[in-house]
Amino acid sequence: MILRDPIHGLVAFETEEEAIVPALIEAREVQRLRRIRQLGLTHLSYPGADHTRFSHAIGTAHVMKRFIERMRAIHHALPYWQRLTTERARDALAAALLHDIGHGPLSHLFEAALPHGPSHEDYTVRIVSDPTTEVHQILKRYDASLPTRVAELVRGRHPLAYLARAVSGTFDVDRCDYLLRDAHFTGVGYGTFDLDWLLRSFRFGAAATDADAPTLAIDGAKGLPAIESFILARLFMFQQVYFHKAGRASEFMMTRLLTRAHAVLSDGTRLPAAPPALVSIAREGDASLAEYLALDDNVIMTSLQAWRDASDPLIADLSRRLQARHLFKTYELFGDQRERRDEALARAREVASAAGMDPDEYVGLDAASDVPFDDGNDSLTVVFPRGTPRKPGDVSFLLGRLRGEKLERVRLVFAPELREAIVKALAT
Amino acid sequence: MILRDPIHGLVAFETEEEAIVPALIEAREVQRLRRIRQLGLTHLSYPGADHTRFSHAIGTAHVMKRFIERMRAIHHALPYWQRLTTERARDALAAALLHDIGHGPLSHLFEAALPHGPSHEDYTVRIVSDPTTEVHQILKRYDASLPTRVAELVRGRHPLAYLARAVSGTFDVDRCDYLLRDAHFTGVGYGTFDLDWLLRSFRFGAAATDADAPTLAIDGAKGLPAIESFILARLFMFQQVYFHKAGRASEFMMTRLLTRAHAVLSDGTRLPAAPPALVSIAREGDASLAEYLALDDNVIMTSLQAWRDASDPLIADLSRRLQARHLFKTYELFGDQRERRDEALARAREVASAAGMDPDEYVGLDAASDVPFDDGNDSLTVVFPRGTPRKPGDVSFLLGRLRGEKLERVRLVFAPELREAIVKALAT
Amino acid sequence: MILRDPIHGLVAFETEEEAIVPALIEAREVQRLRRIRQLGLTHLSYPGADHTRFSHAIGTAHVMKRFIERMRAIHHALPYWQRLTTERARDALAAALLHDIGHGPLSHLFEAALPHGPSHEDYTVRIVSDPTTEVHQILKRYDASLPTRVAELVRGRHPLAYLARAVSGTFDVDRCDYLLRDAHFTGVGYGTFDLDWLLRSFRFGAAATDADAPTLAIDGAKGLPAIESFILARLFMFQQVYFHKAGRASEFMMTRLLTRAHAVLSDGTRLPAAPPALVSIAREGDASLAEYLALDDNVIMTSLQAWRDASDPLIADLSRRLQARHLFKTYELFGDQRERRDEALARAREVASAAGMDPDEYVGLDAASDVPFDDGNDSLTVVFPRGTPRKPGDVSFLLGRLRGEKLERVRLVFAPELREAIVKALAT
Amino acid sequence: MILRDPIHGLVAFETEEEAIVPALIEAREVQRLRRIRQLGLTHLSYPGADHTRFSHAIGTAHVMKRFIERMRAIHHALPYWQRLTTERARDALAAALLHDIGHGPLSHLFEAALPHGPSHEDYTVRIVSDPTTEVHQILKRYDASLPTRVAELVRGRHPLAYLARAVSGTFDVDRCDYLLRDAHFTGVGYGTFDLDWLLRSFRFGAAATDADAPTLAIDGAKGLPAIESFILARLFMFQQVYFHKAGRASEFMMTRLLTRAHAVLSDGTRLPAAPPALVSIAREGDASLAEYLALDDNVIMTSLQAWRDASDPLIADLSRRLQARHLFKTYELFGDQRERRDEALARAREVASAAGMDPDEYVGLDAASDVPFDDGNDSLTVVFPRGTPRKPGDVSFLLGRLRGEKLERVRLVFAPELREAIVKALAT
């Protein structure tokens, strides 16, 4: 299998060891990812962002392939039992491809809207483990315990610490692909970093004790700019895309809509065109795997279309607004206002009430935050030709300044017709 | 309105003259293009090709904006009555944005499958002209005759010949955008050309007679590589993407499926989840505009899902194959075999019959052709500081060799289970 | 004049207003910049870095042209007397092209080696002002006072504050070009920023008082990432290129060499192949303009070749090493060692003495520092649709963390044969 | 050794097998390439084109490294005795790095000006073979017969045909690097092709007879666009850069100048600042290797500077014009005029004589030609899963149209003061 990818150029899975990737790609559950956009509703603000979880899954497997190549180029520093056998490499490729297979429609949105349901990671594990899925059957064809091993790896658990972290860690293959991919498809030029150089910068550092294996580290003489730019690329993507005001507003609306649908269905009310999975979750607390796998972006959009005429006025209104892309507006709180966010929210709610609109539904506070860099135990160390391993924040001018700092965007979100009055209420 | 586009970078419509673009973008009929992929089923072979007609529409308006800027930089060579007034510029921007608004689901596919129905150009004109559409209402707000003028422009008719050709001609703004966009999203590196240089190469040549206006031409000293690379970019895209075997095979299948659904519905048979537009076209020869506008990729995909269990065996089988991405295979005919294509088809049909499969449905001949460059009357002339205008094919080494040459790809298309037998039958 | 530039693509100076740029490019003093590498000896570490001050001068004029276009797009916010007339635009283009014309060979190196001589800015002013230069004569042809106005502008002085800062300020056209150019030719992928977006982000903010003109500012809603990435691009270039250890080591050597040549010549000793400018500076404290303009990289390299056999042993030795690219080595000081740098230097000097090498010449301490971002009075303010102008550091997560922070690299520099002993001496 | 290259990104020679590359890079004769521009005087028309033979040499070795990797990925199709051992790989890397080491100043120019002297290929072989060069000594350190083997390889002779062609053939590593490099530094966007895809497309085809080895071929299913775009990239570079009018005119002048200097020196006349190599060639028909290696661009430019005041009026005049970049003009001949080029030349010569200028020196005819693609025996074949190998021109639409076609640019070249009169003379 060889194909063109806008991010990585030539992507090929042609060897015996890599054959598991094209095999799994044919599975129905992987093909379903073609119908789930990587960035939910972000395409409403960035018209290029129509890329799907499917191309991301392939890209992630490709980055894992390159990671494996790099590990083998430096594995002379490892004891034999720590090196990547063909079996381990195959496990890792499968886990990379499948790591996001449990995502619901609109990526994180569905999950966020139904907070008491299982997470997408739970669904990933279910899909890999359930004997009825094609993914499970393909994995099992290789080795009866492969589904279990992949399920563990997806959760970031593996006897080889460096491999576990490559699936789930600060510089994991998932992030390596999605940062580059999201930057490319949105057209945000800042979100890039040098993947070649990052991979090349990996070294095995000294083991903590004789019984331990050497740990994966970054070459201090060459690798600092690679990790600095990775951290910055991620920071820029958060600032520009993941925390974008229109994206957050549409997520707020979709969350309210699904929450309301959930409530209505729990009451036993009938809602036309409700996806069976949503009905089951509302009524029984969970959906069958088949129901869940029948969900995708199309299904939700088809529901939205039908719900425009729902009898529940909130469902009808939010569906209409979302389909017409009439999004809620935001008002960002800075400095003092951010400190007294509850007060700001209270004022906005009063405005809504005065206008005869339900403040629980048409006004909200959206606080998004992220710590772009932290030097925790999870983080890679930096090694120099001479001297002891150091923390990235100790040797990088930039990371030293960012360490532990929290990026926070706090906004009021509200229906556009309330805008003028809310701005006025907050100004006084 | 200012946004990021992966192809053009910063895209802005901020002036008075350009305000019509953001206004039209809000129209329901333009928003519908978000749900129609630019390249139909090509994403099955190129995983990045999920981009939609919506981003292409914006990109086309942007190229028109740049074209207008360039015309104004060189319009001193024109008599006053040939220059671009604000009204003409607005017309052109609207036409660029709306040129593809009549596309059905999967872009060209729906149209190709129902050959006796109206074309997408017809629908574009209908949408622009029909008083019930938001697009029409917005246009009319500017000027009562604007819908008519835009409808004319979309068809390539305008008193200013150079403007008409910019909407529909060899180097029109539509092609300028889609070549770059399709190349970017598929990851095919070859399909690029230098838009800056192409625009900069435009000149106004001498008028044929005193009564005529000067015609748009290419600067021979600077512009040849720009048009050469444009023609080559297009040729590469045909070879690599538009004529790609998997794409052609899936189009073949979808065409068969829709044709069959059309036939079944014409007979009065009920087909679950058939889009109302399809029912109307089958039974009454045409669909209402509202029905047509309710069509998009999601709708077709939802039908496909439902049709997996249709009572008509062909519909059920093709729907299942398409949804699972089990595509038909192709066998390309070269040289002698291409000349005797009917014989090759006959043999393949025999194989199908022998295998108990309907040769009308499971075997076909797919001939795709294009003339990458022709020096017809439509083509731009090339002007030099001294001397008479020349045809591009007379002054370009490359275009001289390509002039009038036909690129043709001829393939048998068939169900994969017939592959071995067909290859064998053709080898003898 | 229209040409291709690897950084900016199509570069054109074709209008009446821009005609001064191609006119000045023909001047002998501008052509001399073809023989001066932009980055001195950096090409010894980055093999692509052979680009010259000449291409940078053209690129800077191009950025100024774009800056002027942007100012005119937003100048409705300015009183008439603050807008850019054709004369002011011409002055600005000339100043942009000529801003670096006074550079000596190897760019900053020659200047650094002769600290008591005039700076390159002084020479720029001299060249512009001296009636014997072609540059002066061309300027004068336009307007008798143009040389004076350009000389003022080059020094960052102009009645229009926003124009003065565009020539010499935090985000000036010089930096805009050299950051992109140096990043491109070295191949350092990090040093980029979005010039389109930066230009587009400029706004005119409110005037401080009624008598004042509005000041140039950055649009807070759109422009923060543009200035953040500019600051980061510059930081990365300092870390990766401008403070690169091999570059600093070769500069150290060249400085020692020129200083020594200066001393030898001051004593009246003859040094074969010494450029006349160097002789005059050594003996009379200054060189004539003609002598200075005869200097370029070739001249210095030809001297180096001849000096390999100089009777002065230090001159001969350093010339040989530099020509063979046998560079001095460095040892970077971190943490505690950086605090006690004098002690480290003392130890290294002892090593040299013990090895019989002159510690003044073969050992040195190189401290390079820069404050990547400061929110001084010079800095642009950030304006929001509502509310008062803010400092970038107050509204940007990233700039807030970098504000006033000093990047410092401190290294011992020494002849390679001393390396082992110095490393050992420092370890104890 | 690991470094950044603007063309290939991360370039590393770190394994045992590759260690010969960093070793050779330190050799004085390789370092000399830093002082020879890759494109001679092309930087006069393309301000970015200051790149040197040194960076090209490293780039070529990098492409060879990648070629070797690819060969090893597919060498299972080869008998053992045809595979790349470590020794063969080392030979190939050395030959790639050194293939151009014999170039004189201004790359091809010096050689063209002295047509009876040795070619740059001869000098390359001399440098590799001469026991006094550092290059020779380094090679010999590995293996006494290595200099001989490298000299053979550089001439395209090697027992492994596919390796010989990789050094010197239609798709050799030299071309792969210089096409990309020259396109990048000139900023000509067209001259690119997909190196990854080209390498990946290599296959070993069937052997002609049982005794033969399989030959290197291109995968017909995937590789055609790679070779098509390679051929086109080369064609574009010829059209845009290598045959550029200003470049050809400056080469014409430099050739005349060096020829005249050669003649003057042959007569025994003294010419100040003449490089010893030129004196020896003029007087003795050849220069010593040491003299030749002392030549570089700087040396020629220093001579030019001195020759401005030469007593020979032609030498003085051409030196002055070249240094001031006052280049000769060109007049391209098309169609009929091209057929009767001698007549055009005769007319131009008459104009010169009438103006009192020596027609032998100030007027000339410059005919540049190239066959962009030919399907000779040297060319790679194209192989398909089924069926016999085919010639590229038989299976590629584009190459079929270009096969054997000759690109020709014919121009009169003359001093600018003759321009008007010559244009007039030709018009009648």
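A, B, C and D label the chains in the order they appear, each numbered from 1.
Keep in mind that, in the parts below, a residue touches a chain if its C-beta (ideal position, glycine included) is under 8 Å from a C-beta of that chain, and two chains touch if they have at least 3 such contacts.
All figures in this text were calculated on a predicted structure; none of them were measured in a lab.
Q: Which other chains touch subunit C while also touching subunit D?
A: A, B
Q: Name whichever of B-C and A-C has more C-beta pairs touching across its two chains.
A: By number of C-beta pairs in contact, A-C is the larger.
Q: So which chain is the furthest away from subunit A, centre to centre on CA atoms?
A: D
Q: Taking each chain's centre as its mean C-alpha position, how far apart are subunit A and subunit C in Å?
A: It comes to 43 Å between the two C-alpha centres.
Q: With centres defined as the mean C-alpha position, give me the subunit B-subunit C separation in Å.
A: Each chain reduced to its C-alpha mean, subunit B and subunit C end up 50 Å apart.
Q: On subunit D, where are the residues touching two or more other chains?
A: Residues 9, 189, 194, 197 of subunit D each touch two or more of the other chains.
Q: Can you name the residues of subunit D that touch subunit C in the complex?
A: Contacts found on subunit D: 3-7, 9, 26, 28, 31, 34-35, 37, 43, 45-48, 50-52, 54-55, 58, 184-189, 298-299, 301-302, 324-325.
Q: Going by the contact rule set out above, which residues of subunit A touch subunit C in the complex?
A: Listed in rising order, the residues of subunit A that touch subunit C are 189-190, 192, 194, 224-225, 228-229, 232, 235-236, 239-240, 334, 386, 395, 397-398, 401-402, 405, 407, 423.
Q: If we count contacts the way the header does, which residues on subunit A are in touch with subunit D in the complex?
A: Within the complex, subunit A touches subunit D at residues 2, 9-10, 12, 194, 196-197, 200, 222.
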